[in-house]
Structure formats: structure tokens, C-alpha cells
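Shared between the two complexes below is chain A, which has chain B as its partner in the first and chain C in the second.
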Partner chain A sequence: MAKDMERPKSLKQVAYYPGCALEGTGHAYNRSTKAVGKALGLDLVEVKDWNCCGAMEVKNIDPQVQTYLSARNLAKTEEMGFDVVMAPCNGCYHNLKKAEYDLAHNRQAVEANARIAGKAGHHAYQPGGVETIHALDWIKRAVGEEELARRTAGKLKGMKIANYYGCMYTRPRHIFPQNDRGGESESSYKPHFMDDLLAAAGAENVDFPLKTACCGGAHAMSDADTSTELVLNILTTAEACGAEVIATECPTCHTSLEIHQLRAEKLLGRKTTVKILYFTQLLGLALGLSQRKVGVQENMADPRGYLKARGLG
Partner chain B sequence: MGVFPAIIAAIDAGLEGREDLPGLDRLLSMAEEVLVAWLVAQGQPVPRDEVEGFWLLGLHRQGARANPSFNACRETCREIVFRRNVALLYPDEADHAHKLMAMVVKHLALFVGGKLEQTGLGEFCCSARPLHVAEAD
Partner chain C sequence: MPIHEKTLIRPENLVTHESLVIDGMDVSGHWSTFIKPRTITDYNEAMQEEISALPGGENIHRCWQCGSCTNACTINAVNPEFNPRYWIYLIRQGLEEELLRDKEIIWQCVSCNRCTYACPRDVVPEAVMKATAHWLELKGHTGESPSSVFDRGFTDNVLASGKIEEGHVLRIFFWRTGQPLAPPWLRDLILGLAKKLPVFYLFNLLWTAVFRPRTRDWGKTGAAIEEYVRERHAEQAAALGLSGERRH
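Take a look at the complex of A and B:
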């Protein structure tokens, strides 16, 4: 499996697994990811008949059912003739990677996957057939910073950004074997792919100590006050670091930051002014796309005035 | 006032300028108190071992040993140590690093405090599974 994953692959056209969040609260991420791909000459082909990755809820009840649900998406990707699937949501990316790992290391997971796939009437996914990548991976590997810098001509120059990766993008470390290999690989402990891409577009990344800290996203339903406090601390820390913008790459984190920024102001009287944007929205604007094209109007904490003042979109 | 609210209140008072910000050593011990409270609540032994010269990192390692998802605050703990070292070694950056260290300790207290509450409430990514498994049984 590892050998297969190391083969250079063309990422100009990949299978696309948007996941449930990108059809709902994360729609602007979906829209901006597709728009940036198109602007960069990349092609996304949506996985046919994809299903929920199992998210957190199924995993909590039966991890093997969750593994099957994610593996089914990998099987569908294979059926379409692709060996790479791009999942922009951290939760989906994590779960597809976890399924890959489980099927390579856990006999019970293999048996459960084969049993349920048999009942569902499709082939059981075998590990090693499909590589799951994140949107950050995709743009970095398919385009690279040099080309991005050429295409964006420093449009984000002077914009101070805190890059927020959230807690699932690199954890747990063992399901992301491609990380921590030195050189161009991603770091589990200090992720930098988003920093690299936005810096290529001219942005100034601030030294932000909470880039992988918990946003309380999963607290949202049962303990919203803790979520608000966690998010408020992320926002105020970003501002203390000099950030004007927090860049996100996960719909759950993004929504959590936006909702609790508003909630903190309403309930606690704590107003923060840092703007929250998907990294794909920022790259899209840097590539000359309009605010509407990258879905800025869908953001809850309206950044349109700020972006306009910066001459973006 | 419990350990978590007291820590958060002291840091907030410092950040808002109502009182002096707790010193570097006090902030580090606050972070250690948070992790000790977590270990005790989980019925785990509290180790005396240091990791890379810090008890805080030893406490975190113990917490993650019994519950791998506790690694969600691994970098938070390491950032606390890092900002403290910056504050001690680079006078020009000391004030900023001190402030950031306080903010990161506050995050750790909020995160672990939230996890402890959610252990009783359920439906939280890192701590809910045992509850759901018990329900499923």
C-alpha cells in the first residue's frame, strides 16, 4: 500500500467527495473549492451516489459501520476509475483516511466491511486502491506555490492571516502516514500547507498558537456556552497575534467560528472584528474571482466590506 | 470556586488589565493543575515524570495513554511550554509571549473543563463514545 501511495499521480482531475456539510452550512466552501479548481485548470468529478462518511455520530455507536460507510465512498471512487479522491472537510478526510487504515490493520473491520458491502450488493473496498487527499494537499501538489504566486500576483499582500486547521486535520497521526516525512510533507504538529498556499498569494501569516486547538464544534448542541468560550478565545488570540483574518479549511470549524463570534457578541457583549474566510475563498479572490463566485455572501459574519476595502472581488 | 473557573477568572482578570497577569511559573502550574484534575477525574495515576523537562508534558502523555483522543490538546500543552521558553529567552518578545501563553492556558482549561462536563452529558467527539457504547449495550 505504502509503495502505491508514493507513486506520483496526476491530480489535474480527481474524484471529489464533498460530504454532507458542504451541501449545507459549508456550501460556500463547496462553491469556492470548485471555483478555485476551475480557475486553476483542475477538474473535480463528484463521486457518484456518495453517502455520509459516518461523521462522529456513527463512529460513537459502531466504529465498524462508520468504516464501512467511508469505505463505500472509496469503492464508488474506484468504480469510477479514479485512484485519488479529494475530501475538503476535515471530518470526511479524517474518516476516509481512518477507513483506509482500519481496513489495512483490523481484521474485524475487513470482515464487517465485506459483510455489509455484500448485503448492499457492491464490491468491498480493498485498502490501497484509492488515496484520499485534502483540498490543501490537492492545490499544493497539483499547482504548487510557485504557480500560485504567478497566478495571484501578490493580491493578498499585506493581509495578516491566522491559519486555523482545527483538531482533526492531522489527528490521530497514525492514519496520516504521508505526514512528518520532512521536505514538502505536512507536519502533524505544526501544519503549514494552508500557510504556504496563502503566503504564495501574498498573505502575511501570523504566528498563531491555537492553529490546531479545539473549536468546540462538537459541543455546539449540548454545551453551546463552552463552544462560545473556546471560539472567543481563538478569535481574541488571533487578534492578539495581529490577524485581520482567520483562514479555515473545515466546514465544522468555520461554522463554529462564525456562529460563536456572533453569539459571543450577543450573549457576552464581546465583539471581535477578525474576519473568518475559507482558504479557498481567499485564494479565489486572489485569483481574481468575484466575491459572489466564491460564496462570500453566504458567510454569516459578513466580510464583504473588509474585502472590498482591500480591493478583493 | 472550582479549579477551572478560578484559573479562567485569574487569566481573564490579567488579560483585561484588572489585575496583573499570572506569572510564567504560575501559568505553567495552572496548566498542570488542569491536567491533574483530568487524570484524577478519570481515575488515572498522576505521574511525577517529566517529558522534555516539563511535568506538564508528562501529565499530558499519561492522559493520552489511557485516552488517545486526549491528544487533541497535545499541541496546546506544547505551545504553553514554547511560549514560556520564548518569554524567558527573548526579552523583546517576552510580554507578547507571556500574553499568548496565558491565552493558551485558558484554552486548555476551557477544553479540559468542557470535556469533563461532557463526559456526563454525552455527544462530544472526544469523550462521548463510552456513553454511547454503554447505551448500545
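Take a look at the complex of A and C:
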């Protein structure tokens, strides 16, 4: 399996797994990811008949069911003849990676997957068939910083950004075997892929210590007070680090930051002004796309005035 | 004792005396504070085994109490009472009564997996927290937590149609927890957002709320999952000595 993973693949055309959030609250992420892909000459083919990966909820009903749900999407990817699937949502990316790991290491998961897939009438996914990548891997590997720098001509110059990766992009470490290998690989302790891409577009990344802190997204509704406290900590820290913008790469983090930024102001009187934008929105604007094309009007904490002042979109 | 675990010295175990002489030694004033000696007789010897029988609890026996989990914990940083290391200790010792004092907050784990990342023994404390919260519910020590209500509504939606529609999941959650359909702060937020969105996008939102997204080809998948879950939950109920069927 590991050998297969290392074989260089063409990422010009990959299977695309948007997930439920990108059809709802994370719609702007969906829109901007597709727009950036198109602008960079990359092709996304949506996984046929995809289903929910289980998010952060189904595992609490039964972890094996979550593995099955994620594995079904990998099976559907295989049926389309693809060996790479790109998932921009951290939750989806995490769960597909976890299914890959569990099906290679956990007998109970293998049995549950085979049994439910059999009854549902499709082939049971075998580990090693499909490589799951994040939107960050996709742009970094398919395009790279050099090309991105050439195409964006430093459009984000002077923009101070705190890169926020959240929990699910790197933890737990064992389900991301490609990380922490030195060289160009991603670091689970201090991720840098988003920093690299935005720096290539001219942005100035601030030294942000809460890159992989938790926004409380899993309990954004069921334990709203705790979430507000966690988010407020992230927002105020970003501001203290001198950031004007927090760049996100996960719809749960993004929505949670936006909702609780407003909630903190309304209920606690704690106002923060840092803007919250998907990294794909920032890259899209840097590539010369309009604000509407990257869905800025859908962001709750309205960044349109700020972006206009910076000459973007 | 690490400073962040100071909360473990409980007020009811402390005694202060204005003037106290023990064996001829004056220990009054600031120094007259003692942790009461006590004898424990009511161990719940089955507790660790029962929690191990629930999904996620399997590795609890591996813990060697280093405290890396509590030190890394997101929730501990905002509420020092939230202490995974201590709860794992109580479960392994069978100190049920002490565990029950914190029963209303154990469900608050946000699954950030910082503990799992830090744990040198592969206990997977995140999963142990979930198993413990479920154990408390199944044994009737707590009601169903808001988190469990949310998980159940979410999973129902997935099993029925293969995908979720966020608005539907939220409405079910607010309804089942007896909250107004969208609390005031959320309603203001939605209305504020609606004002600046293009009409076609609003139409789209309405469309998905009425014609909820569905995975084509989903067919018998939901029923197959449901059957599997029912079997697992029956096994777990049996391991906990419960006869009634668990809600799933």
C-alpha cells in the first residue's frame, strides 16, 4: 500500500468528494474550490452517488458504521476508475483517511464494511485502492508554489494572515501516514501547506500558535457556550499576532468561527474584527477572480469592504 | 501534584480549626488543614469491564496515569474540572461514587484528539470519554446529553437518505432538546445573512429544505446499517447487564 501511495500520480484530474457541509453552510468553500481549480486548469469530477462520511456524529452511534459510510465513498470513487479522491472538508478528509487506516488494521471494521456493503449491493472497498487527499495537497502537488506565485503575481502582498488548520487535518497522527516524513511533507505538529500556498500568493503569514487548536465545532450547537469561549480564544490570539485575516480550510471550523464571532459580540460584548476567509477564496481573489465567483457574499462576517480596500475582487 | 489538578482537593475533604493540638503539637491556623482520612468499601468492580465493552473503551487498561491527556486537553483549559486522567483512574479503581460527581460534564469532550495525539500508551482517551459518557447514559446515571441527542438526529438523517441537510438536523436537535426552533442569537444571525444573499441562493436554501438531498442508489443501505447497529447495541446492553433495548 505504502509503495502505491508514493508513486507519483497526475492530479490534473481527480475525483471530487464535496460532502454535505459543502452543499450547505460551506457552500462558499465548494464554490471557491471549483473556481480555483478551473482557473488553474485542474479538473474535478464529482464522486457519483456519494453519501455522508459520518462527520463527527455517527462514530458516537457506532464507529464501524462511520468506517462503512466513508468506505462507501472510496468504493464509489474506485467504480469511476479514479485512484485519487480530493476532499476539501477536514471532516470528510479525516474520515476517509481513518476508514483507510481502520480497514487495514481493524478486523471488526473489515467485517462490518463487508457485511453492510454486501447487503447494500456494492463491492466492499479494500484498503490501498484510492488515495485521499486534501484540497491543500491537491493545489500544492498539482500546481505548486512556483506556478502559483507566477499566476498570482503577489496579489495578496501585505495581507497579514493567521493560518488555521483545526483538529481533524492532522490528528490523530496514525491515520495520516504521509505526514511527518521530513522534506516537503506536512507536519502534524506545525502544519504549513496553507502557509506555503498563501505565501506564494504574496501574503505575510503571522506566527500563529493556535494553528491546530480546537474551535469546539463538534459541539457548536450542543455546547454553544464552550464553543464561543474556544473560538474567542482563537480570534483574539490571531488579532494579538497581528493578523487581519484568518484563513480556513474546513467548513466546520469556518462556520464555527463565524457563528461564534457574532455570538461572542452579541452575548458577551466581546467584539473582534479579524476577517474569516477560506484559503480557496483568498487564492481565487489572488488569481483575479471576482468576489462573487469565490462566494464572498456568503460569508457571515462581511469581508467585502476590507477586500475592496485591498484591491481584491 | 500538578497545579492544574488542584481542583481535586474537594472542599468537603478539608477541615480548618482555629486551634487544634494533636499529640501535643499545635497545628492550628494555616497548617490545620487536612485531607480527611477515609475508608472506601463501595468499589464498583465491574465498571472498567463495562466501559471497555463499549466502543472506544477497549484500551482503558493500558493507561499508566502520566496525565498527558489532561495536560493536552482543550476542555480542561477552559474548565479545570474536566480531567480525563483522573476519570480513567477512578474507572480503573472502581470509584463510581467519585466519578458520578462529574457525570454532568464528561459528555463535553469535543473530540479534538489532542489527548490521543499526546498519549504514549495508545489509550485513545477521546474514545474512552465517549464510552464513559455512553455508559453514564445507559446506566441511567444521566439523561441523554445534548451531544447524544444531536448525534442521534444526525445519524437518523444519514440512514434515511444517505446525506444530511443541516437545517433539518438543527430543527430536529432544537425540537428534541425543547429549545425554541433556532434560539434568538441564531435567528438574528440567519436573518442578517439572508439580507445580503442573492435571491437565487435563498431559493436554493429553501429548495434543499423542502426537497432534502438524497443519495441516489441508497436503497437498502440504511436498513442494512440499522440492522448492524441494533445487533451491536444489543451486545453492549448485555455486557452492561441491561435487558431493555437501547435507543439507536
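Throughout what follows, the second predicted complex is superposed on the first by the 313 of 313 C-alpha atoms of A that agree within 3 Å, B and C clash if a C-alpha of one lies under 4 Å from a C-alpha of the other, contacts with A are read in each partner's own complex, and residues count from 1 in each chain.
The definition used in the following text is that a contact is a pair of C-beta atoms (placed from the backbone, for glycine too) under 8 Å apart; a residue touches a chain by one contact, two chains touch by 3 or more.
Remember, predicted model here, so these are calculated numbers, not experimental data.
Engineer: For the three-chain model obtained by superposing on chain A, do chain B and chain C clash or fit?
Structural biologist: clash
Engineer: According to the stated criteria, A:M56 is in contact with first (chain B), second (chain C), both, or neither; which is it?
Structural biologist: A:M56: touches chain B and chain C.
Engineer: Taking the superposition as given, does A:K119 touch the first partner, chain B, the second, chain C, both, or neither?
Structural biologist: second
Engineer: I'd like to know which partner A:C167 touches here: chain B for first, chain C for second, both or neither.
Structural biologist: Both: A:C167 reaches chain B and chain C.
Engineer: Is A:T236 touching anything from chain B or chain C once the two structures are fitted on A? First, second, both or neither.
Structural biologist: In the superposition, A:T236 touches chain B alone.
Engineer: Which partner does A:T273 reach: the first (chain B), the second (chain C), both, or neither?
Structural biologist: neither
Engineer: Regarding the shared-chain residue A:S10, is it in contact with chain B (first), chain C (second), both, or neither?
Structural biologist: Neither partner.
Engineer: Name the chain, either chain B or chain C, that contacts more residues of chain A.
Structural biologist: Comparing touch counts on chain A for chain B and chain C gives C.
Engineer: After superposition on the shared chain, which partner residues are touched by A:S185: those of chain B (first), chain C (second), both, or neither?
Structural biologist: A:S185 contacts neither chain B nor chain C.
Engineer: Just to be sure I read the superposition right, which of the two partners does A:P209 touch: chain B = first, chain C = second, or both, or neither?
Structural biologist: In the superposition, A:P209 touches chain B alone.
Engineer: Taking the options 1-9, 19-27 or 217-225, which segment of chain C carries the C-alpha atoms that clash with chain B in the overlay?
Structural biologist: The overlap with chain B comes from chain C residues 1-9.
Engineer: Touching chain B and also chain C: which chain A residues?
Structural biologist: 56, 59-62, 167, 171-173, 213-214, 216-219, 221-223, 226, 229-230
Engineer: Which positions of chain A touch chain B when the two form their complex?
Structural biologist: Contacts found on chain A: 56, 59-62, 167, 171-173, 189-190, 209-214, 216-219, 221-223, 226, 229-230, 233-234, 236-237, 240-241.
Engineer: In the complex formed with chain A, which residues of chain C make contact?
Structural biologist: Residues 55-56, 74-75, 78-79, 108, 110-114, 116-117, 124, 127, 130, 134, 145-152, 154-155, 158, 162-167, 170, 173, 177, 185-186, 188-189, 192-193, 196-198, 201, 208, 213, 215-221, 223-225, 227-229, 232-233, 248 of chain C touch chain A in their complex.
Engineer: Sort out for me which residues of chain B touch chain A in the complex.
Structural biologist: Residue list for chain B touching chain A: 15, 68-69, 71-76, 78-79, 82-83, 96, 99-100, 103-104, 106-107, 110-111, 113-114, 117-118, 121-126, 128-129, 132-133, 136.
Engineer: Tell me, which parts of chain A touch chain C in their complex?
Structural biologist: Touch list, chain A to chain C: 20-21, 23-25, 27, 49-52, 54-65, 68-69, 72, 112, 115-116, 119-121, 167-168, 171-173, 188, 213-214, 216-219, 221-223, 226, 229-230, 259, 262-263, 266-267, 297-298, 300, 302.
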